[in-house]
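Each of the next two complexes has chain A plus one more chain, namely chain B in the first and chain C in the second.
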Partner chain A sequence: MPIASRIALALLLPAMLVNLAVFLLPMGNLALLSFREANAGGAMLEGVTLATWGKMFSDIFYAQLVLDSVVIALSITVLTLLCSYPIALFIYRAPDRWKNILIVACISPLLVSAVVRTYGWMVILGDRGIIAAMLRGLGMERAPRMVFNTTGVVVGLVEILMPYMILALIAGFGRLNASLEEAASSLGARPFAVFRRVVLPLTLPGIMLGCLLAFVLAVSSFITPKLLGGGRVFLLATEIYDQAIVTLNWPVAAALSIVVLVIFGFALMLYGRLARAVA
Partner chain B sequence: MGRLLFHLLVAAMMVFLLAPVLLVIPMSFSADRVLAWPPSGFSFKWYVAMMQERGLAEAARNSVILAVIVTAATLAIALPAALALDRWQFAGRDAVLALLTAPLLLPTIVLALALLIIFVGAGLLGTWPGLMLAHMLVTLPYGVRVLSTALSTLPPSVEEAAASLGAPPAAVFRRITLPLMVPGLVATCAIVFLVSFDEVVISLFLVGPHLVTLPVALFRYVESRTDPMVAAVSTLLVVFSLAIVLVLDRAVGLRRAVGK
Partner chain C sequence: MTDAHLVLDHLEKRFGAGPPAVASLSLEVRRGELLGLLGPSGCGKTTTLRMIGGLADATAGHIRVGGRDVTSLPPHLRDMGIVFQNYALFPHMNVAGNVAFGLEMRKRPKAEIAQKVERALAMVHLEGFGHRKPRELSGGQQQRVALARALVIEPAILLLDEPLSNLDAKLREEMRGEIRDIQKRLGITTIFVTHDQVEALAMCDRIAVMRAGELEQVGTPFEIYENPATPFVADFVGRINRLEGVRDAAGDIVAGSLRLRAARAGAAGKVTVMIRPHRIHIAEGAIGPEWNDAAGTIRRATYVGDVLSCAVECDGTVLTVERHTHPGQPIPREGEAVRLAWRISDTMAFEA
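== the complex of A and B ==
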């Protein structure tokens, strides 16, 4: 081995060792663990078995869990897109001086812990929160419950994912060009037609990237569903936590983790196909 | 007309995006005993309560110490790795970079579970070395990425000039490369510190009864009680994050720091 390669190897070694210890080894172990079985007390049974995976596929609870998680994550993705698209379009068209300030304003929530932002939503959506106070002011006797249910989880996660979506959208808006819009409207297209026939197709790459990002983050999110769901909303990530920490059934938790990774894989594959189709 | 509607829509969405962070601040001065809007009066009582909450102060201290250790360790490991990746073309270079940054692509809940299972066997659960290693799983990719970016933007001509004038490689690195890298190093430190200080999912799986970090303490507090005290803590955290970003912006400029 030439000297240069040996030096490079020596420089890389610490990082590779840490990666091996906290990434490769634990992840490999996790995959293997889903082929073991635990008894009711959490003790691991001897031997390799498909029993845990069998339970995953036969118990309707897990099918429902996966379905619910995917449906909720998809709804969150669509809502995040709808809320973020106007902002991204506005920022993309803004003069440079404003652009930086607006981008900083949009990504500044990322600097605030998800726990804090989720707590902020409790202040807003809680039974004695701002929205409830406003509804009471409008004469509504009993405000609908907006926390500790799916509504709260969806609203909280949409807001938490918006900065990612906005960044992805802006990054993917490269093909958008003001002169194309002007050309379309000067040829007589109405504003809505310009949007549907010119702006939307040109921003499709950004939309797909943003949706991929929002979906994978939503389907694996934990803090917000746990806190705003109040233990009443069951999603993949919260179930992994409960199985790992409360029930102590590690094989089930491991199998659920693999399911999350498979969903990630599907989302990536779908994104790849769509991106090729659009390009 | 259409333009006005569009601007109103943008403004409404910006309010939606920023509301939870901004509303926490007035809430922290509430004089009420529970979360209620509007507060019946304003006071500093929740800031006082926060100071007196012993577990919280200890968790905050733990988080700062941990983030400092993690930052130092990440820098010590990521800097050589970034150097190797930037300065040497070797077989499998892309694969190594992909492997070192891969943890960022996976959900933290899965990483957390994988670490929990390994740590129980290794006796690292609820220990300082365990938490430090676990945080490095997520900070190392950031460190390698940001430092690689910083290295790749350095002009090679200066180093070549120094070397051609007879400076040995170690001297070139110490006298030329390192000083030129200061902005990148500051950015790395700030990002790694914030990532570690904010880390909650992995920590939640790995903390023990005697070692709790601030985000975990806050998570548990919010899970069991909702009163304005968390708003007081949150306000301080927002101010703290802003201070770090301002320092970062002053030192290197925000856009350069994030590698743009």
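== the complex of A and C ==
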């Protein structure tokens, strides 16, 4: 091995060791845990068993849980994209001296913890919140319920994920520039055709990056679904928490964590494929 | 002008307060003519081009193409082919896709598009490049694709925004000839924006020199170069010696240590005198009455192969003198005393 490679390896070693110790070993431990069984009190039973995984695959509750989580996360991703795209485009096109100010304004919600923002949404969306009051004021007899159900979770998470989406979109807009849009319109493209044939394809890398980020964050989000879902919305992250902390069934929590990991793996794979196809 | 194809009628563009970027500009361009908009950066030439193309709104005034007022039409309805300074090729489409774009927007049949794209690529000598991506092409090739893309839609007007400024010197000269040939062959009315006076002189039928949003002079390259209307035009187009002087009642001009006569008579008072360096000769022998002359000393001689440039000091006034080199002619030495002579007809005087 050439000296340079050996030095590189030596320099990488500490980081690899740390990763091994704090990431790979616990993950392995988690995987092992899913092959154990716990009694009702939470104590681990002796021996290795496939019982937990058997339950995962046979109990329709878990299939539904995974499906619900993925569907909700995907809806949140799409809604976040729709809400963020125009803002990102506006910021990207803004003159330089405004750009930084606008970006800071967009990511400033991150200065407030997601817990606080979630409580904020509970107040806004609640039965006595401003939106319900407005709807009543407009003559609606019974305002629709907007908290402690999927609607609340979706609204809250979309707002919480928007800063990440906007940043990812702007980062991925590098190929777009004003003269390309001007060229397209000078060639006879109507505004919508300019968007569909030029702006959209050129911003696709940003869209994919933002969607990957938002999806991963949505699937793994815990606090917002827990609070705004009010225990009525069952998602992977909240279920893992319940199994680990409330039911004390660590093997099930471990198995669900592995499922989340697999979902991430699929998302990354899909992203990689699409990214290569677009480039 | 009876044959005006493109008419700019008191066109004006303001960005906020302050002086307008383009001030009340009126210009007529003949059918099939290549008109250059020449000026330093910030003179409003690109803004003018963008207004013609519909990429910028005119604050006031009108733009007419073939008698039709297009001032308020959006760019996609103006039927103008634009070649951008950075080419603005669509990076996600291949060369054929770029050229086909305008035809697709016009909903032409597939077979016709394929045929026209092929013909357009052949016209710019890029046969067989259709499947390449723009980033796989050299600057000159990208430039050709941009030209083909703008021309394939057979636009009423072709707008070129500094199309050669991103090419290296050799390629620029080549493309200059090529663009001019294509433009002549198609007989397309063309506006060519440039800050390069050589480019403008070499390519254009007529040149409109702009300065600070206003037209200084419109004329053929010959008129612009030989009969500049203002000191600015004389200074901007070609190299020049500039002297400040005073004209007396008899018409003689005193500029520093020099006494001279100018081509055109004018009122007495302060004048700016301008003489092209290559019209000044190092005199050998007698000097006729139609010449101005001055005695001086060579301060610096710069040999650049085809041209020899000398700075000659005439009693405090420094004149630059240029001539083509010749193997038989010696290069003057610094400190050598010489006699300079230039025709009175080559001495331009502008009242200051």
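Here is the rule we use: the second predicted complex is superposed on the first by the 254 of 279 C-alpha atoms of A that agree within 3 Å, B and C clash if a C-alpha of one lies under 4 Å from a C-alpha of the other, contacts with A are read in each partner's own complex, and residues count from 1 in each chain.
Simple rule for what comes next: a contact is a pair of C-beta atoms (placed from the backbone, for glycine too) under 8 Å apart; a residue touches a chain by one contact, two chains touch by 3 or more.
Quick caveat, the model's predicted, so the values are computed rather than measured.
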Chain B versus chain C as contact partner of A:Ala189, first or second or both or neither: second
Per-residue contact with chain A, leading partner among chain C and chain B: B
Partner chain(s) touched by A:Ile60 [first = chain B, second = chain C, both, neither]: neither
Partner chain in contact with A:Val246 - chain B first, chain C second, else both or neither: neither
Which of chain B and chain C A:Leu138 touches, first, second, both or neither: neither
Partner chain in contact with A:Ala40 - chain B first, chain C second, else both or neither: neither
First (chain B), second (chain C), both or neither touched by A:Leu180: second
First, second, both or neither for A:Val22, with chain B first and chain C second: first
Shared chain A contacts, counted only where both chain B and chain C touch the same residue: 191
Of all residues in chain B, those that touch chain A in their complex: 2, 6-7, 9-10, 13-14, 16-21, 23-24, 27, 34-38, 76-78, 80-81, 83-85, 87-88, 90, 96, 99-100, 102-103, 106-111, 113-118, 133-134, 136-137, 140, 144, 194, 198, 200-201, 204-205, 215, 218-219, 222-223, 226, 230-231, 234, 237-238, 241-242, 245, 254-255
Contact set on chain A toward chain B in their complex: 4-5, 7-12, 14-16, 18-19, 21-27, 29-30, 33, 83-84, 86-87, 90, 100, 104-106, 108-109, 111-124, 126, 128-130, 132-133, 156, 159, 162-163, 191, 216, 220, 222-223, 226-227, 237, 240-241, 244-245, 250, 253-254, 257, 260-261, 264
Residue numbers on chain C that touch chain A, as the complex places them: 53-55, 74-82, 84, 86, 88-92, 101-102, 105-106, 149-150, 153
Chain A residues within the chain C interface of the complex: 175, 177, 179-180, 182-191, 193, 197-198, 201-202
